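So, here come the structures, one by one.
Presented sequentially are two complexes of subunit A, the first with subunit B as partner and the second with subunit C.
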Partner chain A sequence: MLDYDRQERGDVTIFSLKGNLDALTAPSLKKEIESLLASRKINVVFDLAGLELIDSSGVGAIVSLFKRVRTLQGDVKIARLQGQPAEIFKLLRLDKAFDIFDTIDRAVERFRS
Partner chain B sequence: MRELQGPNAGAVYELRDLCVLGRALDCQVHIRDLTVSRRHARISKVDGRYVVEDLGSGNGTYVNDKAVTRHFLSHRDVIRVCSARFEFQEHEQRPDAVTYVGDPAAMAQIVKRVDAAQPLFRQDAAALTTVTDPKAVIAMAERLETIYAVSEAISSILDLDELLPEIVNRVFAVFPKAERVLLMLTGDDGHLVPKVVKRRSETDDAEVKVSQTILHEVTTQRNAVLSHDAMEDQRFKGGRSVANFGIRAMMAAPLVWRTEVLGVLYLDSFGIAAFTQADLSLLTGIAGQSAGAVGNARLHEELLKRQRLERDLHLAERIQQSFLPRKIPKVRGYSFSARYDPAYEVGGDFYDFIRLPDDRLGLVVADVSGKGVSAALYMARLTRDLRYFALAESDPARVLGWMNRAVIEFGQDDMFVTLLYAVLDAHGRRLHFANAGHMPPVVRRRDEGDVLVLDQVSGLPLGVLPDAEYEADSFELIPGDSVMLYTDGLVEAMSPSREMYGMARLVQAMASGPSDAALLLERALTSCRDHVGDAPQFDDTTVVCVGLEHPDRPPDAAITAREEPPRTGEIDLNQGAYRSRRPRPRTRS
Partner chain C sequence: MSSSSAEGPHEAQAGAPERFSFQLPGRLEYRDAARAFLAHVCDHLSRAGRLPADAGHRVISAFVEAFNNAVIHAYEGRDQGPVQVELEVAPQHLTVRVIDEGQPFVPEDVPEPNLAALPEGGLGLFIIRNFMDQVRYERVHGRNVLTMVKAFDAPDGAAEA
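And now, the complex of A and B:
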């Protein structure tokens, strides 16, 4: 199961994910991402404090959004990475591609600077 | 967009924010025609309007028979790509032009309700025999006849893309006063998704605003409702309808099928008096028939999808088996072993051995995100690319840099690849390697008895960042040493109590293991299997092992010619990769 909450703060969209982001739930996140891109929202923060599990399809969904917003001069930041997802990010060296922050505020702040 | 002429004539494509037309299988509009370029043209949305662009195709893209490079589309424009012609339909298919508005109760006033479970038309049918007023009888009979006609027209359509517009067309015809008809379906997440909008007026391009209060009542109470709605509407600002300024009538009915609300039919019009109680009853009946048709079409679609999935998995398995190496290389002084254990689904692991000049041997272990045919086909392509690059460039880090760009250029956004590429210099007894987000190699030093995890150099997985850079590392092999390359399926294998096998156990198994590659590999897999027991596994496991033989003898490192792996004869996707002649390295500009 995956629950997500979408919030707008200025021109930054914050996705708070809760539960598992895997082959079963990634398609619904992808749909959400499509609607995000359709409305030209290109600055995204993923708040992963509530994310319990991520697999390669889940990483794929985030990477896909990352690649697409970057071609539109936007970016994806990660906030409150912890637990198994943090292990996966480390294993895949994704910390080299994503800026990772302890709090949502800091992640949002980075878009302003 | 509807395909008027071409391999899929009659097909209706829903345009999203980006849609590529071409011969490549992954195009949203796939056109099976050799004169069509792989990525021929694309349709994207710019400021709320659709624009078609030619992607440098061989034979050009035409709109209304004029060649275009970039063209804003209008309703009923005909796009031609070689022999295929498509009609762009803006008015009938603008599911995005809908907003749900939360409204104060005073704004949307529900004036009539019909319980969709007990609609009036059912009562009509029962009453027909007792009512004596001929006018009432005729009205009832007509209503039933209309519902029957709609039912007959839609009940045999099994394709949702065809069915939904047809339902809307029918409703449009039945209610001549309806200005706009909207069909929404309940999505996987329980939200209503607008599917088809049809408008009476050609010039009407205002957003359809639907009251959430009403939708809530329709979907939760399963009532069909007739409402007068005083929401501000930009269409009235031009004073087009002064008498009814700002007032609309609308009807909405749920599509109830079995116990589920599959969607909502919504229509609106100008003026309070546009719809009557009888209309509401009629709509309820049509919505009921539509629900049955949509439910059937969905079942049919699911069945097709399941069949396709099964076929896909079977095909993927055959593709994958066809390009994994069948033979283990032979190099004097070394032992090699490799194992690929698929999980119950075909996954994205692969490994390869690449013969290189100067007594070198390339070793590859990789994991492609995603499963099924597309991942399997993609692996076939990756092995081919990697073979070209490996022959052209000896530095593993630069090979990964090229591979990364190849994956990026492939353009599948959600696909990425973790890959470990190592080059064994058999004569110099060194292993050079570079890592793209993959599990680190593990070396067992026989003489010192330690096990080293070589995780100092690792870069991003392939396909994440266009300018990702990789670093190479190397280490000397001492006789008796063994190296293990593997995918995450090995260390992440779960025990029945959901505990991972983990690096620590792997290191332990290797520390006490034999140095022969095949024996060591078997040791690691047995140790993992013991941990896992009979817990179901969801990920493939791939392990490649290299051992430098002991006791020391002068390494005569001539790599003996590897036998060409047998082909399956059925699938020949990576022809060339297995040719014994050396492929010419691809030069990149």
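And now, the complex of A and C:
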């Protein structure tokens, strides 16, 4: 089960994920990502405070978006990483690939700087 | 599949291992039922000071990947059979076993991912191997048996190995 809330703050899109981002739910997020890219939104913050679980399929969805927006000169930033997802990010060295912030505001601000 | 009360069996530090076993349909939507039970066990072990919370997250991550592999790969292109989940809480370790009746696989044939290239797939077995202290795959009577062990006194550095 994955719930997500999508907000726009200027040219930054904030996805707040709640629940599980996994093999079952990653396809729905990918659809959302397709609509995002179709509307040329390339600056994205994932707020992971409510994310209970991420598996390798969920990682694939985020990494796929990251690679695509990078080719368009955009970026993906991560806010409020915790719990099981933090363990996965550390193991897969995603904490080195992504900028990670304690708050959504700081992640959004980084796009301005 | 309900577990025990606060003074549950995983509180029993000494003595015979406690074992739990249940069988689920080999479909992803059933995985969370087993995960919730495993999370409950890990939570009790954490509160008893036997398994740090981050180690519990690693056990759950490995289990999720193992269940996914059974459903997505072992039963690929064939009828979805059952997935058997077995847990054993021993004084010094937690064992999680995932068993399916799908096609066999050879773990040695699964390449190590190149993390620097940010792969979008092929990470499941890597997560299992790095998050558990022992991992053993066997083909037994036409079934895939993946046994994963987390030692309670293992150094926290397994993931960084």
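Here, the second predicted complex is superposed on the first by the 113 of 113 C-alpha atoms of A that agree within 3 Å, B and C clash if a C-alpha of one lies under 4 Å from a C-alpha of the other, contacts with A are read in each partner's own complex, and residues count from 1 in each chain.
Everything below uses one rule, namely that a contact is a pair of C-beta atoms (placed from the backbone, for glycine too) under 8 Å apart; a residue touches a chain by one contact, two chains touch by 3 or more.
Bear in mind that the values here come from a model prediction, so they are computed numbers and not experimental data.
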{"item": "Subunit A as common anchor, with subunit B and subunit C clashing or fitting", "value": "clash"}
{"item": "First (subunit B), second (subunit C), both or neither touched by A:N20", "value": "second"}
{"item": "Touching partner for A:L91 - first (subunit B), second (subunit C), both, neither", "value": "both"}
{"item": "First (subunit B), second (subunit C), both or neither touched by A:V59", "value": "both"}
{"item": "Touching partner for A:L37 - first (subunit B), second (subunit C), both, neither", "value": "first"}
{"item": "Contacts of A:G83 with subunit B and subunit C, given as first, second, both or neither", "value": "second"}
{"item": "Partner chain(s) touched by A:L72 [first = subunit B, second = subunit C, both, neither]", "value": "neither"}
{"item": "Touched partner set for A:S28, first subunit B, second subunit C, both or neither", "value": "first"}
{"item": "Identified clashing stretch of subunit B versus subunit C [59-67, 455-463, 473-481 or 545-553]", "value": "455-463"}
{"item": "Contacts on subunit A seen with subunit B and repeated with subunit C across the two complexes", "value": "23, 56-57, 59-60, 63-64, 66-67, 91-94, 97"}
{"item": "Sites on subunit B touched by subunit A in the complex", "value": "16-17, 45, 96, 187-189, 348, 367, 369-371, 413-416, 418, 437, 439, 458-461, 463-465, 468, 488"}
{"item": "Contact set on subunit A toward subunit B in their complex", "value": "23, 27-28, 30-31, 34, 37-38, 56-57, 59-61, 63-64, 66-68, 91-94, 96-97"}
{"item": "Subunit C to subunit A touching residues, read off their complex", "value": "28-29, 31-32, 35, 54, 57-58, 60-61, 64-65, 68, 71-72, 115-116, 118-124, 127, 130-131, 159"}
{"item": "Subunit A - residues contacting subunit C, complex", "value": "1, 20, 22-24, 53, 55-57, 59-60, 63-64, 66-67, 83-84, 86-88, 90-94, 97"}
